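This is the structure I want to talk about, given as structure tokens.
The first chain written gets the first letter, and so on, giving A, B, C and D; residue counts start at 1 in each chain.
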Amino acid sequence: MSNRSVVVVGGGIAGIQASIDLANMGFRVYLVEQTPSIGGRMAQLDKTFPTNDCSMCILAPKMIECAGHENVELLTYSELAEVRGTEDDFKVTVRRKPRYVDLTRCTGCGDCTEKCPRRVPDEFNVGLGKRKAIYLPFPQAVPRKVTIDEEACLYLTKGRCRVCEEVCQAGAIDFEQQEEILELEVGALLLATGFDPFDPASLEEYGYGKIENVITGLEYERLICASGPTGGHLERPSDGKVPGAVAFIQCVGSRDVNYKPYCSSVCCMHATKEAILANEHYPDLKSFIFYTDMRAVGKQFQEYIIRARDEYDVSYVRSRPGKITVDEETSNPIVWYDETVYSEAGDPVRRVTSLEVDLVVLCQALVPHTDHQEMAQKLGLELDESGFIAIEDRLFHPVDTSVAGVFACGFCQGPQDIPDSVIQASAAAARVAEILSLEDRELEHA
Amino acid sequence: MASESSDEGGNGYEPKILVFACNWCSYAGADLAGVSRLQMPANCRIIRVMCSGRVRPEFVVTALSKGLDGVLVLGCHPGECHYSEGNYFTRRRGLLLKNLLQFVGIEPERFQVRWVSASEGAKFADTVEQVTEQIRALGPNRPQGGMHSTEPGDR
Amino acid sequence: MPKTRVGVFVCHCGNNIGGVVRVPEVVEYARTLPNVACVEDNLYTCSEEGLSSIREQIAEHGLNRVVVASCTPRTHEPLFREACEQAGLNKYLFEFVNIREHCSWVHMHDPAMATQKAKELVRMGVAKARFLEPQEEFESSVFPAALVIGGGVAGMTAALGLANQGIQVHLVERDQELGGLIREVRTLFPAGQATEEVLQPLAEQVRNHRQITVHLGSEVEDVGGFIGDFDVAVKADGQVNNLKVGAVIVATGAEELKPTGLYRYSELGNVVTQLEFEERFKRGADVPRDVVIINCVGARIPERTYCGRFCCTTAIKNAIWIKEREPEASVFVLHRDVMAYGVQIEESYRRAMELGVRFLRYDPENPPQILGDGRAEAVRVQHQLMGKEIVLPAELVVLTTPLVARDDNPRLSKMLKVPLGGEGFFLEAHLKLRPIEFSTDGVYVCGSARYPANIPESVSQAYASAAKASIPIREGVVRAEAITALCDERTCSACGNCVEVCPFGAVELQEGRFGRTAQVNPAQCKGCGCCVAACPSGAMQQSGFNDRQLLSMIGALAEEMTGGVGE
Amino acid sequence: MEDKLQELVVELLGDGAMEYFIGYRQGFEPSHVVPCFVTDKSEADRLIWGPLCLQNLSKYVLQARDLDGKVGLLVKGCDARAIVELVKQHQIERDKIVVVGVPCEGQVDPRKMEQVLGVSMEQVTDVEDAGDEFLVKVGGEVSKLGKEQVLRDKCFYCKHPTSFDYDYTLGEVQPFTIDSESEEYDAVEKLEELPLEERRAYWLKQFERCIRCNACREVCYGCYCKECIFDRTDPRWLDRTPLPRENEIYHLIRAVHLAGRCIDCGECERVCPVNIPLGRLYKKLQKDIAELFDYEAGMEYDTVPPLVDFELDDQDPFL
């Protein structure tokens, strides 16, 4: 029954919400997720603005509801291989990468991970921590099954080890596992591939990659998160010290014609949130947010900014820093920016000044998912000049892409925060429902 | 902010206060106070009920006479009750019970009713702070059993 | 009766709980409580691992009660109840203890007291859990139609979103025509499209749709009933007609703030709001040469703290509109922050600057002043870079104000029994993950009625509310939580107190096995418990919150005080 | 007066207007009056009326609920308010009762009379109403006692000498007034003015004496529950032991149950074997209910009891 089912691409909060809505409407949902677990970027966050809800605590119930729904089939560690056909009659081939683990047997007990000798950088912790070759992306992963990283595994690369196979009581390790190709016939496609952080290294003036204590917003989020590499202690990379002063630099790569001309919409708020979290963990920590426009446009956002300033010792500096240098002994980053001061005569003098802090957090631009281009080609989708999925009629069909029967929601079609992504996800579900119930209505008065 | 350490206020007497909170408004307000990390004294214990209208006077009288130091009933603001009328009955019962308890000599601060909505995290924290301090000032609510008077009863 | 065996699961929630409450101490304490068969602690009980440990412990220890001490039941109770159900345990034999929002997060500076409080809360939870009884949920059918209140862009889109799924819709609009607020807007962002070009086809589609009944010049007079069975009274020129619907979508929008008392608005003729600008100048009137636009008028101030979200977009759109028609016109936009979020708005912000629109930041502490008597002639403002006051000539001053909640909202909110937030907009169930639903089942909200939203956002929210509203309608049945009241007819003395207090008319005195006694209709009972509190003899009880359960919690709390064992 | 009553009862029994009649008769001592149930014309002559007919007989009508015919009832004005409440609380239909109103001119409070006379009530062989005095016969001699010395408290501010809703009456009666400076709520206000600790001590002394014999509950018209909440075992609200703490719960909760329903018939106080001044507790409730909700129990059939009703503009000190 091809036309009562839909493929959702991307298992972040938007993909999850769309899948839940569509499944509750009675449609069959195939949720294709590239990484071993659904959860997406939201799973990497410690808290969410403006309510400071613990991100995982409001995401986990949704992940479990989605995975447990009888109308949803999770296709994790899988990619869209090819899409043929048109609206209401798509033929979608999905490539399931081999996990070398039998999902029906693995209980996620973690014995294998403990014994595995190979340690590689952990993408979930944006490279800050290490993970094993056989790993669970994060404690609350759904499905709670391990995966063997074939580039890291000693056996798969050098034919040695296989210790995970010995310790696994469930006998779930299966090195013979092959790539699987699934043919799906669906009525519609719903894209929710989310975003990737823009690599701020290209802005050499900010010294990311050269100055140890200059990190990105997502790295900061992992450092302050309890399930992160440092167990939630804000230890700065150079010496593990808890910073006394933190500078947040906004619009790194955003609103910049040489890099990303658009505003990534969420950085002002997540910088404020991270400043609040820092002060909450360490009451005498002081934060400085260097911004151009403080874009707090959502519900209860302004109150959040006011509280940050009044109760959490956050000061907002309206200036775009020119460069960041480092004090070699203390490895404290120094932020250079210009400000306006008034001479005694009262006329303004613009001068360059500097602020030494213990840690700099670059709120970098957010871009569509890296292999988003490739997927767009497979589907014949147009992209706008910033690389987002083009939406023809943004006003009255905000989730319809250039290809009939293919819808896009969340960050992949434009910068937006979690509530807006969740809204667009449900909106896309409604649009899909219109198409998939087109056939019933024709039957009605056929 | 809230009283910092717990042993301030006399000989380390820590009142124990029973709070009834309605699921839709005051319990949500308490959650919001939590989410906003509003620090407050730790003397209150919340029992969740679906509506403040569920709290029968027997609970209040029993709690006070079993020696709890105070009972605080929280509900939605009149007009905002999820069940539209529940808190109107809480209001009348509260008015009557407050007078009756005062008439038999129980300090008025020991039984209080307050309206806290789902978006009033701060008001919840302030209410807890205020009620705790008022009751701490009264001192322990000695269980009545212990109070054997000696003179013969008079008319 | 099998012996009561309670399982207690104490959550660390990362360090949200474990960072303040000494969880191991609470675990050891829980073991000492009566009827407790097993106690576990988890880093994240709500994770798959936590849930499977609950399922396993139920099987392994033959648990017939489960208590989870973690965050708030308002978000996680369904999740843990389902875990119990999957292990074959009736999901109402579950009790939730909040030791995060009500304990660790609010007693961070006093771990000792927080731990003591957590122990007592667990003791109270276990005391109640011992007296929980299995329940079955009551199912009621869903009427396959929906009501949409408000015929603006959001309302029309929501109606289409449902109708195109084959669902019957009643769209009620106060005015005599569809369109709402954007009828007062001439050109639309970003491309400057004429509103009529888009509005008429949309309204046309709604009017001709087989599944949509449009009620113009009509107002919703009253809404009774509950999800699946709403009785709606719609009044149109004097007479009322009653509709039956299964779900309600609020799309009543908002209105532009008329900033009386600010910037001499009502005093000077040529000081207008953005909508008045649209009305006056986009009908062919000659374009003024010197225009000063002032943003954040009546917004982000102590009396009205929120940001109007897309008023900056409107200011940019109209600034571009002027410059495109009068390239030499001098257009200043005095702002506090330019909220040009996203791709398109930032693009048009840059385009406005390229066209020569000058953006100056003003300090809210010393805002711009309008000069001139009888007519505005200039605007004096402190130039932050030059550090001194400058005077901008102004033939026209346009004040950019936020949308404000309609004053009809309180009436609607009472009628639908849904809450309003601080600024008078409708308060959604959860700001982050349930932005267009209410905690009241079956009622949804979209568009500026929830918070100022531009057209794409209103349309997305409208489709989203259509998706949500279609779920119960498609399923056809709704299960009510089993917390309804039940009368023990053997001991009911038919005093009628319960009949008087029930807000839903769910209780009546009827002849039964024991003569005339109170009988509760579970379909109508919403589980508030008012009747239970009004019943002198205790014959009326509420499932999940009966007297024995609540009294045992009081006993458990007071146990330490009087030494007596709580029942 | 008594013969008029007896004739009426004979007549009503004769033409089958009622199955039986509830009235008063002489007890085993001359000053002791007990309720009596006349089913046959021949027993009508046992019916009496006088200032010692203290009981509020209304509660007995509840036995006639499942009777086919009607039941007759002799009732004073103050006690008749119980009939209004019983009907309002769906306990019995009004037309199942034949209400015989009796013009009452004040009743004797036996305890007060014993204190004034200095002898126990057993010695008193007859009390007769003589306008503003009582003629009291003790051991053959008759002495006059001013009514204000021995009247029951409730008679001082009597508002309803005869039931305003009756089927028959034994004679019209002029409104009964007794000039005395004490106002209706004096006793309550006196207690209210006491400082908190004294009030606490006062009431604890009262509740300590209670032996939980439940007489006040058995006599009260309003306590008609099939199974009283205090007799329940799931949950057990009260321990059996008459600790002051348990007694206090009992009295406060019973007061709350009667709030807005107590008609001030004074029976609870009268029957209390340890003389607990329950009248003051219930008077306090009546005062609050009148002030807060402008309501008086037992006066109209169509009003809703205050605690199961509300006004939008109720007093709200809890904002």
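Here is the rule we use: a residue touches a chain if its C-beta (ideal position, glycine included) is under 8 Å from a C-beta of that chain, and two chains touch if they have at least 3 such contacts.
Given the structure is predicted, the values throughout are model-derived calculations rather than measurements.
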Task: Remotest chain, subunit B as reference, centres from CA atoms - done: A
Task: Of A-C and B-C, whichever chain pair has more C-beta contact pairs - done: A-C
- [ ] Could you please state the distance in Å, as a whole number, between where the Cα atoms of subunit A are centred and where those of subunit D are centred?
- [x] 76
Open item on the list: For subunit A versus subunit C, what separation do you get between their C-alpha means, in angstrom?
Closed with: 26
Open item on the list: On a C-alpha centroid basis, what's the spacing between subunit B and subunit C, in Å?
Closed with: 28
Open item on the list: Counting only Cα atoms for the centres, state how far subunit C is from subunit D in Å.
Closed with: 54
TODO: Note the residues in subunit D that touch 2 or more other chains, in rising order.
DONE: 229, 237, 307-309
Open item on the list: Which positions in subunit B are in touch with at least two other chains?
Closed with: 35, 37, 57-58, 62, 66, 79, 85, 89, 93, 143, 145
- [ ] At least two other chains touched by the same residue of subunit C: list those residues.
- [x] 421, 501, 534, 547, 551
Open item on the list: If we use the touch criterion from the header, which chain pairs count as touching?
Closed with: A-B, A-C, B-C, B-D, C-D
Task: Residues of subunit A defined as touching subunit C within the complex - done: 13, 17, 21, 24-26, 48, 50-51, 53-54, 56-58, 60-62, 64-65, 68, 107-108, 139-144, 225-227, 231-232, 255, 261-263, 265, 293-303, 306, 318, 340, 342, 346-348, 350, 384, 386, 388, 394-399, 414-416, 418-420, 422-431, 433-434, 437, 440-441, 444
Task: subunit B residues touching subunit C - in the complex, by the definition given at the top - done: 2, 4-6, 14, 16, 18, 23-25, 27-28, 30-31, 33-35, 37-40, 42, 45-51, 53-59, 62-63, 66-68, 79-80, 82-86, 89, 93, 117-119, 125, 143, 145
TODO: Quick one: which bits of subunit D touch subunit B in the complex? Just the residue numbers, please.
DONE: 188, 191-192, 196-209, 229, 237, 243-246, 248-249, 252-253, 255-256, 259, 274-277, 281, 284-285, 288-289, 292-293, 306-310, 312, 314-319
TODO: Using the touch definition up top, name the residues of subunit A that touch subunit B in the complex.
DONE: 51-53, 280
Open item on the list: Give the list of subunit D residues in touch with subunit C in this complex.
Closed with: 89-91, 224-229, 232, 234-237, 257, 304-305, 307-309
